[in-house]
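The same subunit A turns up in both complexes below, where it pairs with subunit B and then with subunit C.
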Partner chain A sequence: MKNNKTVKAKKVLAQQANNYGVISFERKRNVEGLIFVIPWIIGFIWFVLVPLVLSVRISFFKTTLADLYGGSFIGFNNYMEVIKNPQYGEVIVNSFLNSLYQVPVVVGFSLFVAVLLKQKFPGRTIFRVIFFIPVILAGVIMTYLFQQDVGSVSVFSSLLSEATDNNMLAMIFGGGLSSQIGSIMWKSSVEILIFLAALQSVPDILYEVVELDGATAWESFWHITLPYISPFVILNAVYALVDSFVDSSNPVMGLMNSLTNGSNGEAYYGMASALSWMYMLMALITILVFVLLTRRWLK
Partner chain B sequence: MAQVDLDYLKRAKKRRDVSGKAIAIVLGIFGLISLLPLIYCFSTAFKPLDELFLYPPRFFAMKPTLKNFSDLMAVTANTTVPFSRYLFNTVIITVGYLFAMILVSTMACYPLSKHNFPGKNIMFKTITTAMMFVAAATAVPSYLIINALHLPNTYFVYIIPGLANTTGVFLLKQFLDQVPNEIFEAGKIDGATEWQLYTKIAIPLMRNAQATIIILSFGGIWGESGTAATYIYDEQLRTLGWFMGTIGGGLARAGASAAASLIMILPTIIMFVVQQSKVMDTMAHSGIK
Partner chain C sequence: MSKAINFFKGLAAKYQNLGFKAKKKIKFVIGRIALYYVLIELAFLFVLPFVYMLSTSCMSSDDYLDPTIQYIPSAIQWSNFTKAWEALNYPSAFFQTMFTSLASAVLQTVFCALAGYALGRYKTKWRNILFVLTILVLLIPPQTTILSAYGMFVKMKMINTVLPIVLPCLFGLGLRGALFVMIYMYFFQRIPDAMDDAARIDGAGPARVFFQIMLPLVRSAMIITFIFSFVWHWNDNNETTTYMYHSSVMTLQPRLQNISQYYSELLGLQDSVTAQDKALTEPMLFAGCMLVMIPVLIVYVIGQKKLVAGIERMGVIE
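So, the complex of A and B:
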């Protein structure tokens, strides 16, 4: 009621102000606000938006390094070349499937850890810090470690080699799985935080009510926690999906780099742009399908 | 009757204690795996040369040595450009970038959260979508633009292209959304200008979020080497990260390189440990809403 009145009063005031050619206070404030955003917008347009648009253009042209703006329009030829090449197709499909199967693992693992981290237990703060460290160091430390690595032995498998004396450990972590476990844990850290924040937003009173009704912790997880945080499950799934798509260790990213750095004898910018846009499109469609499928469940 | 209740409470407490320990053990195992790369980095820096090339590699150094660090000192003493120059460049770039980035991001997030201007929603959607885009897709056009702006071979090339930080604005906006509008309205009624509202209310309230963004981007800018390799022709303007990367060449310098890696990641870890409570606070807030 009261709200309606104020809205009406505001409208009348704005109308009067317009009649007299006066800029309303509200509008003046919004214009001033816009000024604050301008430096960021300029940077965004120059260094994010314009490059994106240019890369669309390049993907439709036959370009060389010497003449990136020029070249002749060749339509979808760059795209066709990527599709026709059997090697590229295989890499794209493989890394696509890889992303798809990683997402449920990452989401499940991070939900599990977040639920544990929410409980009261000795050393909770320290554990929260430990699980956050990968967020900060992921980029930096991994680069250095890969620089140092002799051959292609990763840190996680090197630990495994130390554990091979112990047959049980080797059986559990056998083969490539051990390095997968490690990298999945490093990928889950942001998701863990999002889940932790979500879990903290569930009102305690709900748990108290079902506890009085005699529900076990297991039941209250399925009937209270999960429905309550379902939007965050989807958010995390989308985040994990995007994360694995743009991960620099992704073979498609390597393919793009090899196309642009001239290691194939020549730098194929057109093809690299075409490849990256096709890949982006695949990612966007996957996310869209996923969001549409889960929308019903959310309500 | 009362006796029974007391027993029940005691048992419940005991159960909680046991499950608390179980949780700590499970998380301890996962946490340890999470920390492995970090521990590996530390132990490698203290490995003697023969252990560095051991196959299969050992996780811990068997005969820890400080020789790698003295090797590193020897390498840094014999450079064409003095080592201190690289360090100076990196410090300047890091401070300059973080300051400018925080200024631009906080300025952008304030109206995004507290004002209504045309195109605001589209802008925020663009930000969230742009977070997903692949850097490799725009590498070439970015190169052209940076050249066209005459940025190469200046300190600005390290700072300016990264200023429009999408993740930073996203986090800051989510954080500022939690601050009630009434605080700003009270300021307005007292006659504060927009600039005063921004500097006196928005900035102090976002301290924690700013600390988080600083930590998130610190590692990247401190270890910067890609830009130095691509856009800088003058040796005098290159960074510590670039220099440390050049050490890695050759068998004899593997030890020095391992020590260099440790030195490069140490500041990031220290920054994080010092500021960790602020970071946890921000991340907890940005997830909600």
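So, the complex of A and C:
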């Protein structure tokens, strides 16, 4: 039996040697690509997968803070409890609907600003800095700004509403969206910089050619710029989706916090973990569907 | 009304009679005015919190309480900054933060490029699986895994060193490493196949193709990865408070978090709850915020200057 196998293997090897040039080249490329990505795979297993498995484990146990990795095995009970509770379903659906209208606004706005900031004009550096301020101020500074209480209104939110109320955007959009447009714009700094980098790498020569042919700026945007940076529209949409899913202002994140910090009388780590896993899976599927649907547009 | 219409009609007629150059100039001027108008209108929202921070950091506590003073303090209170400097233990914390952020940023810029290169240019079966994994990594909030990761780093005796933060960067992961891998992937994908085919025919090996042909073509991606990585590591509070909590290695952000407590103890306040107490500490707090953010601002200004058109030829000229 064993002998038989080695003979087979030898045959296969011989065949591959015969086909040298076709299979071997592709194989070589495959191995090459794997070598480039091997560090990442090792890192993924070491720093992501191992801690992740532990976190999945928690979701199948009745865990308390006292012994996080102990507790009794209860199978899918945590998951069932999340599914049965209508409140959770509602919150998850709401957060998905939120992302549904936030993402196009973020991507559209950031593309618009990036196109403006790509132009050469005096004071460009200042404007580039200004539109990056949300990233620079992130972290502890941001929480301090949010804490600024004067009476009952936080200074930061009043700044936002003040800014949007007197803003032409509010005049255009009006109503519900305008109350949120400030915070949505505030979130698009990362996307602006990604678009800016993408725009910078469009070869200048293409613009020169279409300008000679008499194209207006508007036409060259639709026929040169947009097709050229379309992968980055996808990338930014994916990032905006992720951002809206894991944002701390997201209702699901708030729900998870309330489950773990014990404000409901007890800390339900198992349930929080189960909820986060189901939520993450749904988010992943949403993003993959989006990527698959837009793949055709890329080519 | 008809006068106004006639006036505009006259203007239009004059515009029609102008030469090509003059028309272009008028278009240019109108475009510039529109550009500045839109940018200033939008920038207003972004700049206000910063202005609030700047003005508060320069106020004395009397100014802070005075309702007639909104943004412009009566005099710049420099002592806010010197006190914040001491409270943050600025020089040592600065170098600690700088080292952590710089090392992480450099490593992520190089090693995320490796993974992004494999994902973007080698069209094989495992590519799709890796792409899904990348999105998964991006989706997992760091809080989910930080508890078990902490246990792991304790076992490896890496707590209170920079290693728990820098080591994942060496493997193309780390703080939002997955996003950088994706950025690189899309940038590499767009380079025509002819570029590396040509190099390969000339006898260049895979390492040489990557470093000498491909990396220079994605300079924009390298620049933004470096900027993002540096700024996010500088501003990170979640990882640094977990892994580097000893006062000898503490970075700026956790120190900033403790700063109001420091002031309350310094001034002998109980809990800074009343407006009076707040007025004593708040300006210093924002002076501290200014000190923390200025280095990032400088790095960003220098970095974005490198982001100019035409640094990547993309094989169009050849």
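Note that in this section the second predicted complex is superposed on the first by the 217 of 299 C-alpha atoms of A that agree within 3 Å, B and C clash if a C-alpha of one lies under 4 Å from a C-alpha of the other, contacts with A are read in each partner's own complex, and residues count from 1 in each chain.
Here, contacts are C-beta pairs under 8 Å (C-beta built on N, C-alpha and C of every residue); 3 or more make two chains touch, one makes a residue touch a chain.
This is a predicted model, so every value here is computed, not measured.
*Asks:* Which holds for A:Leu288: it touches subunit B only (first), subunit C only (second), both, or neither?
*Replies:* Only subunit C is touched by A:Leu288; subunit B is not.
*Asks:* Classify the contacts of A:Gln102 with the two partner chains as first (subunit B alone), second (subunit C alone), both, or neither.
*Replies:* In the superposed model, A:Gln102 contacts neither subunit B nor subunit C.
*Asks:* Name the contact category of A:Pro231: first (subunit B only), second (subunit C only), both, or neither.
*Replies:* second
*Asks:* Is A:Met280 touching the first partner subunit B, the second partner subunit C, both, or neither of them?
*Replies:* Touch partners of A:Met280: subunit B and subunit C.
*Asks:* After lining up the shared chain so the two structures overlap, which partner does A:Leu206 touch, if you call subunit B first and subunit C second: first, second, both or neither?
*Replies:* In the superposition, A:Leu206 touches subunit C alone.
*Asks:* If I apply the document's touch criterion, which positions on subunit A are contacted by subunit B in one structure and by subunit C in the other?
*Replies:* Subunit A residues touching both partners: 29-30, 32-34, 36-37, 39-44, 46-48, 50-52, 54-55, 68, 113, 116-117, 119, 121, 127-137, 139-141, 144-145, 148, 155-156, 159, 162, 182, 185-186, 193-194, 196-198, 200-201, 232, 242, 245-246, 253, 276, 280, 283.
*Asks:* Which residues of subunit A touch subunit C once you look at their complex with the stated criterion?
*Replies:* 29-30, 32-37, 39-44, 46-48, 50-52, 54-55, 68, 113, 116-119, 121, 125, 127-141, 144-145, 148, 155-156, 159-160, 162-164, 167-168, 182, 185-186, 190, 193-194, 196-206, 231-232, 234-235, 238-239, 242, 245-246, 253, 276, 280, 283-284, 287-288, 291
*Asks:* Going by the contact rule at the top, pick out the subunit C residues touching subunit A in the complex.
*Replies:* 32, 35-36, 38-39, 41-50, 52-53, 111, 114-115, 117-119, 121-122, 124, 126-127, 130, 132-133, 135-141, 144-149, 152, 167-168, 170-173, 179, 181-183, 186-187, 189-190, 206, 210, 218, 220-221, 223-224, 227-228, 231-232, 235-237, 253-254, 256-257, 285-286, 289, 292-293, 296-297, 300-301, 304-305, 307-314, 316-317
*Asks:* Mind listing the subunit B positions that touch subunit A in their complex?
*Replies:* 16, 19-21, 23-24, 26-28, 30-31, 33-38, 40-41, 44, 52-53, 55-59, 104-105, 107-108, 110-112, 114-117, 123, 126-127, 130-142, 144-145, 149, 160-164, 166, 169, 188, 194, 198, 215-216, 219-220, 222-223, 245, 248, 254, 257-258, 261, 264-265, 268-269, 272-273, 276, 279-280, 283-288
*Asks:* Which stretch or stretches of subunit A touch subunit B in the complex?
*Replies:* 26, 29-34, 36-37, 39-44, 46-55, 58, 68-69, 113, 116-117, 119-123, 127-137, 139-145, 147-148, 150-151, 153, 155-156, 158-159, 161-162, 181-182, 185-186, 189, 193-198, 200-201, 232, 242, 245-246, 253, 256-257, 260, 269, 272-273, 276-277, 279-280, 283
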